[in-house]
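Two complexes are shown next, each including chain A; its partner changes from chain B in the first to chain C in the second.
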Partner chain A sequence: MTAEPLLSLRGLTVDFRLPQGVMRAVDRVSFDLAPGEVLGIVGESGSGKSQILFSLMGLLASNGTVGGQAVFQGQDLLSLRPKELDRVRGTSLSMIFQDPMTSLNPYMRVGDQLAEGLILHKGLSRSAARAEAVAMLDRVRIPDAAARARRYPHEFSGGMRQRVMIAMALLVRPALLLADEPTTALDVTIQAQVLDLMAELAREIGTAIILVTHDLGVVARLCDRVVVLYGGRIMEQGPAEALFEAPAHPYARGLLQATPRLDEALTPRLGTIPGTPRSGGAMLPGCPFEPRCPLRLPVCAQVQPALTARGGTLAACHLEAER
Partner chain B sequence: MLRFIGKRLWDGGLTLAALVTLTFFVMRLAPGGPFSRSRKISPEVLANIQAAFHLDEPVWKQFARYVWGLLHLDLGPSTRFRDYSVSDLILSGLPYSLTIGFWAVVVASLVGVSLGIIGALRRNQPADYLAGLIGVVGIAVPIFVIGPLCQLVFGLKLGWLPVGGSGQGWRSLVLPVLVLSLPNIAYISRLTRSSMIETLRENYVRTARAKGLGGGRVLRAHVLRGALLPVVAYLGPATAAIITGSILIETVFAVPGIGRHFVDAALNRDYPLVMGITLLYGALLIFFNIGTDLLRGWMDPRLRHGR
Partner chain C sequence: MTLLEARALDVGYPVAGAGLFSRPVLLPIVHGVSLALHDGQTLGIVGESGCGKSTLGRALLRLVAPTGGQVLWQGQDMAGFSAGQLRRMRAGMQIIFQDPVAALDPRLTLGQIVSRPLAVFAPELTRADRAARAVEALARVGLSADFAGRYPHELSGGQAQRVGIARALIGGPKLLICDEPVSALDVSIQAQVINLLMDLQDSMGLALVFISHNLAVVRHISHQVMVMCLGRVVEVAPRNAFYARPLHPYSRALTAAVPEPDPRRERGRIGQSLPGELPSVLNPPKGCVFASRCPEAQPRCHAERPELRDFGGRQAACHFVGE
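Our next item is the complex of A and B:
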């Protein structure tokens, strides 16, 4: 990192109190994000990737606690008071959620939902805020934006609603956009459209993105850097190109092999990772991926591997280190 | 909008017609008649009385006569309260029931919704438990227990309020209104609480928080409307029931309302009074249901579809 990072996570930890004990969803995750950079966080369901975003936004479920540091524009998001956090969330940090069908208020006109943040945080008048909202809806290519702004969410399709969410998130021109699987709930045919639109607008505004997804194709197309998460821990991280070219961690390799590719149509069968992702429970002393790893060594179950430099990436694996 | 109201009124009219028909015939199917419980009277006198009320005619003819009267806004004479028409009885009692019922609805809504909101926001904290306790007491303790208790404490011991009757203006209203609203406070506060908790979990509320709107604004602009919709749906029919009086309240507090007719008229086989009271309740129920639907349509744009 040459420039001052926009966001710097240090040992971010998220725990959930459950009836059967404390479950660690995110375990000492650290990474930096430069201004304007697009970072992809990939991993299976339950790997803790969404919880990283929720913890940054102060939106964890009430039984969740967060530890570590997340310095964003010089202040630690995790220790802000509610008022200060509201200020940050309203002006420089935005989030797009997974399910556009339920993420908009069904009782409020779309335009008003966009405008309310501007009125509150930027002190715009109602009419000025509405005008900006319409302009933004136009930029996310909502046809006839001025008329559509007076409509209610149920009068929009899923793809349209996610565009509205994107417009709402980028309206305040945030420095960082957190996108939690923004297209998972959408038709495959419009997923790419919506993502490209989001990335394009963010680039124009100069907004950095953390994109949480399990779609490696999306990561390859949009992201500058990738973090691979498993069991709440970083398995591997590095520039997208290097990681896709030569994944060092067996889990990252498995993920890539499990992704269909158009240019290798002759592969007889799509690769799979045997077993199921671990869901909560006590932390293992060793590598969380050890039980499913095809290349595990005796040491893997005992000692947690640290992130060490490989070809072009950082990976947490004993195997490569011993070679 | 006007077409919607027109259609609902037309439907309501049909419902009332069905209600009149059904009540009329079902009542005559029940054994006994208006004068079968009276003191022994000679067959000649009974026949005369029956004839005076047209009870000697075939049932279909009685029905036609009743409907004809209804169309002229004539609900007929009461067979029990001689010299009074059903309209007289209803018009003399309704204002008392209406006044007490109206204020009970107002108190129950305000207090119930407030308690529910506090309970949802301070979940599993002392305030929530207190609201819950009021709820349990309100639902579990019957009016004929809490009513006399209030009379003893506020009427006799403290002497603040009259024990009953209707002669002291607003002071006569306080106790019946309070006691009548208690079970409704309980029900509304439980309803509001659970609906609030559900709404607070909605994704769109999370979106509002993510916009940094702050707790108060999130609550006012995004949570309340969705949370109150079920309460409004409950209040419509409940209002019709509450403002037509309660026999318990009117008996305990000696209020000359119409609530007691609901039970007495049926026991006395006072055919015309039963019909009148049923019709009144049915009409109010339909009226408040239409009102509720309009209000909910105003609150929830998704319900406006298909109008």
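Our next item is the complex of A and C:
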């Protein structure tokens, strides 16, 4: 990457203290994100994909600890004091969640919730902030924005609430938007609208996005680059085109083959990955996917493979390296 | 043979009236749905939230009583069934649910859960017979005999759904109603469960009603596809004909909105989403249910509701199909 990265993760690790011991949710994850780039993190439940976002926002549960570095615009997010992190979160780092209803304050008018951030972080007057909030609601295509701004969240449909969340997140024109399964709760035609809106606004404002999802189709629509996560580790990463066309890691291949799609001939059976996704537990000495991998070698249970270049992507797999 | 038939089925729920003391009013959810399902066939029912697909599934089992029309089980109208006949009918017709863990009683062992229906369907069996049948049913869904002594909290989501299927199979059903059975599961597990349902259909001659919002999953498993919108059927067609060329503009909008894991193709679909939202069930339109969002809508569509019409082996409810 030629330009200075906007965000640079180095060895990001998230541990949770549980009664049965320490559970590693994210294990030494490193990647760079360029300004304006859209990165997708895909994985199944327990892969640690959401915990990466939570750790960046300082939103980990109280039994969680974080290690490594996350340098964002020149400062390490993980070592900031709460006050400093607050300022970053209010001005250049925003997040949207899967369930917009639980992220909006049910007692506060939507317009006031949007204006709050501008008053606190940008020092705008109440009336100026309200005007900007209404303009932003209009921008995310909330019909009749001025009247809608005076309504409460329960008066909005699910798709409109997510658009309100996007409006709120982008109001401060952040350099980076973290999106945790933003369209998972939405119907497919509404999902298409929200993805369109995210793509359009990100381009317009120049915001970079990290999109966490389990849906490979959503990643394909929105993302420039993809990180495939399993058991807290990166299995494969690379440009979206290269990764979807020629996935090098057996897990990435398995995920793609297990996804039924409309644009290909029907097969009598879907491809499957045996076993169930790994969730938590002690750290394995080898590859976390080894117990489910159809192509595993003896070495896979003992030594963790490093990310190495294959074709157009980077993959962490002993098998491909031997070829 | 026609196993299950619905004729002009209406289903509604009582909701609170406008005033504090006014009598409950009937909110219609499903309007005039007719369908016929044959032995060993799969009918896929797709639609977005609030389209009535789950309510229809429950009414087919008579878990909710229809407010109009008929449901015929093997040619007999269920409305006239005695309690005993309903019980016998339900041994032949079972349901599995979206949330597989919530569908299992946490205080019972899996053996008890799976064999429970036998207390109703085959009360003459001894305890040992029932336990043996439970182990058989578990084996059929790919779970070993030692699962019979375990409890639901020990299961992953995919395993819990297998237990739900085993319980549904134990009475020797001819028909399984599957209400979003894989929506809560990870992609790799979803593929396992779909393959299992298709294998069971082959080996036991099961008919399936497969209710889902996921068009790609429905394509994979169905022989016949039915699209619902705001409680009405807008299109019914054989699977291949439907996906090759959906006739109703709503069907086309749905299939076009599904993101595929193909970045080159998806890039071109950004900005193509259909604006607007579906009308509320509380305030249904007078004309076509899709008219407010339909890119091809004419004045007639807002004024007059289109009936389902035949188009050579398939049906669609649109004034302008075939013109």
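Here is the rule we go by: the second predicted complex is superposed on the first by the 323 of 323 C-alpha atoms of A that agree within 3 Å, B and C clash if a C-alpha of one lies under 4 Å from a C-alpha of the other, contacts with A are read in each partner's own complex, and residues count from 1 in each chain.
Everything that follows uses one rule, which is that a contact is a pair of C-beta atoms (placed from the backbone, for glycine too) under 8 Å apart; a residue touches a chain by one contact, two chains touch by 3 or more.
For clarity, every value in this text was computed on a predicted model and none was experimentally measured.
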item	value
Partner chain(s) touched by A:Phe97 [first = chain B, second = chain C, both, neither]	first
Touched partner set for A:Gly271, first chain B, second chain C, both or neither	second
Greater residue coverage of chain A in the superposed arrangement, chain B or chain C	C
Contacts of A:Gly117 with chain B and chain C, given as first, second, both or neither	first
Intersection of the chain A residues that touch chain B with those that touch chain C	none
Interface residues, chain A side, partner chain B - complex	57-59, 82-83, 85-91, 94-95, 97, 99, 102-108, 116-117, 120-121, 152, 154, 165, 168
Touching residues (chain side chain B, partner chain A) in the complex	202-204, 206-215, 217, 221-222, 225-226, 299-302
Contacting residues of chain A [partner chain C, same complex]	44-45, 141, 157-160, 187-193, 195-196, 199-200, 214-223, 240-241, 244, 254-256, 258-263, 266, 269-273, 276-277
Chain A contact footprint on chain C (complex, rising order)	48-49, 156-159, 186-192, 194-195, 198, 213-217, 219-220, 243, 253-255, 257-267, 269-275, 277, 293
